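Mind having a look at this structure? Questions to follow.
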């Protein structure tokens, strides 16, 4: 998950966001970017190499839903931010996420953990059709096959349980 | 949706909650209580008659998810609060909601509307097997058939788009 | 549903298919074609005007899954057949249908009815991006808004419970 | 999957079933039996030790849907047959399966394989609350934790891709 600092300015000061994070669950989205063929079958999964205050790690597209923002708008905004404006993501038509990931500030409550906050994230698989160019704190985007995505070494490079979330997304796709 | 005032005390003062409601989407759950037969088929849907500051209306079980609370704990807490401690709800095993209802403070953005806040609600169908006794601001619980639940007059007694949410839940059940 | 006669030749003679239809549930797919905007929101639903041995009616895209055929191949084949080769359907990545419609030869068992057979149909919403040209027994394709799709008069023109299935698809989309 | 021989007699002779299996996809159900706690969280997964013509293996509850049989009736019938009449399964209220497993007679087309036939199976997670007593060709029922269920050695004892299906079911449950 990104720190959210760059998007929060218009709505909450950094201090206010920090205060809220100690009081309430914060609504997030997670997106698993995929390439699909003409039959809709997934041929590749996109993973970001992201630099955060916690170091460099593999990551999904992830971020806060803002006040007065639709969930689908938040998905598009974070995909645009991380993959660039030419990625052409196909935002799902249904509001039903494939799962809900509950990131707790204390590890072990669920498979998901975020030391900064209690975040509840709606997770979607999003086919992207255009050219992806990582932006801002996303250093690189790597496309890997669904089989490669199950490599424990790679999953181990993902923080906060996002390796588990990636596997859940692949399971939802029938991989 | 209930006002959340009785549950917020331990975590946020009423003023703090009001401030947060003007700044961030608030995470909610909605539950459609149902009676099922031995084949899992829905035989009845439970609707609350609820007294709120906005008047008396038909309502689903609904409420906030608290800081450090699992979504399934919030479901159980709100079902206990509204249906009483002997309702024996069967909390779903999957974290996947049947839909996500986005209640906006401005009407017309989505089918869902809450003048107090921007609430994003994970919606679940929950079979209940025990005896239900409405509690607190829930005045009465009425069991109706799925066919009766489609009556426009009844749906019109539900506020904030919960009539739409009820129909979406019934559609998910194949009714 | 179409009669399946034009696709069955390679696999089953008409007599063999008729015999099987009296003995086993037959696997079908149903597709709700939709137009979506850049946020994935549905702007229109496509309905066929179809001529069948039972007369002219509004219909979804529907048909049998063949021996040795993937469900996603069957979806693509029936969409191609009814909407033409330039429709560019976006076959869903997930094998999870939004519902399963059980068409019984006897009316009243479920909301779905097919006098010819017991068909069990996996139902999907499929965004189509290209130009649609109805083919074969599909006389016309009409795009209507989600709101128009709830018109009881229009739903009444659909046979076998497909009006119910259309409403279930719209509910899944949050409409 | 069981051979289906004991249930097919009333509807199809063994010869007729064999003929149909060479011509059409056959509709199946798969059920993952689970124990859940009062919060709906899965505490154990039930695996059968099954004797088939292909040897002894770990297996899910699985079998054909018969002509004129509801999918939910088929679920209940196969759960009764394998777990005994006191298992008290909670058949899901929604017809939406967590996935659809396509078993092909040729290995490698999908993760699922059945040398006897092309079977398309609707997969459900089913909480069971009563006492389970394996029946007929089900020799034993073993309850294991979700963590144990991910053991590659155990998954390797499952045939036809059911290990993959079990993992997909666990992913759907958020495990």
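For the reader, a short list of remarks on this structure follows.
Lettered A, B, C and D in written order, each chain numbered from 1.
Note that contacts are C-beta pairs under 8 Å (C-beta built on N, C-alpha and C of every residue); 3 or more make two chains touch, one makes a residue touch a chain.
Source: prediction; values computed, not measured.
Shared contact partners of chain A and chain D, listed by label, are B, C.
Rotation angle, chain A onto chain B, C-alpha superposition: 180 degrees, expressed as a multiple of 5. By residue number, over half of the touching pairs seen at A-D are also found at B-C, the match among B-C, A-C or A-B.
Interface comparison, B-D versus C-D: the higher count of C-beta contacts falls to C-D. Note on chain placement: the centre of chain C and the centre of chain D lie 28 Å apart, centres being C-alpha means.
Look at where the CA atoms of chain B average out and do the same for chain D: the two points lie 34 Å apart. In chain A, the residues that touch at least two other chains are 70, 94-96, 98-100, 110, 172, 174.
Listed in rising order, the residues of chain D touching chain B in the complex are 34, 36, 38-42, 70, 72-73, 76, 90-96, 98, 125, 127, 172-174. By the touch criterion given at the top, residues 99-100, 110-111, 167-168, 171-172, 174-175 of chain D touch chain A in their complex.
The residues of chain A lying in touch with chain B in their complex are 11-12, 16, 20, 22-27, 65-71, 94-102, 104-105, 109-110, 118, 120, 122.
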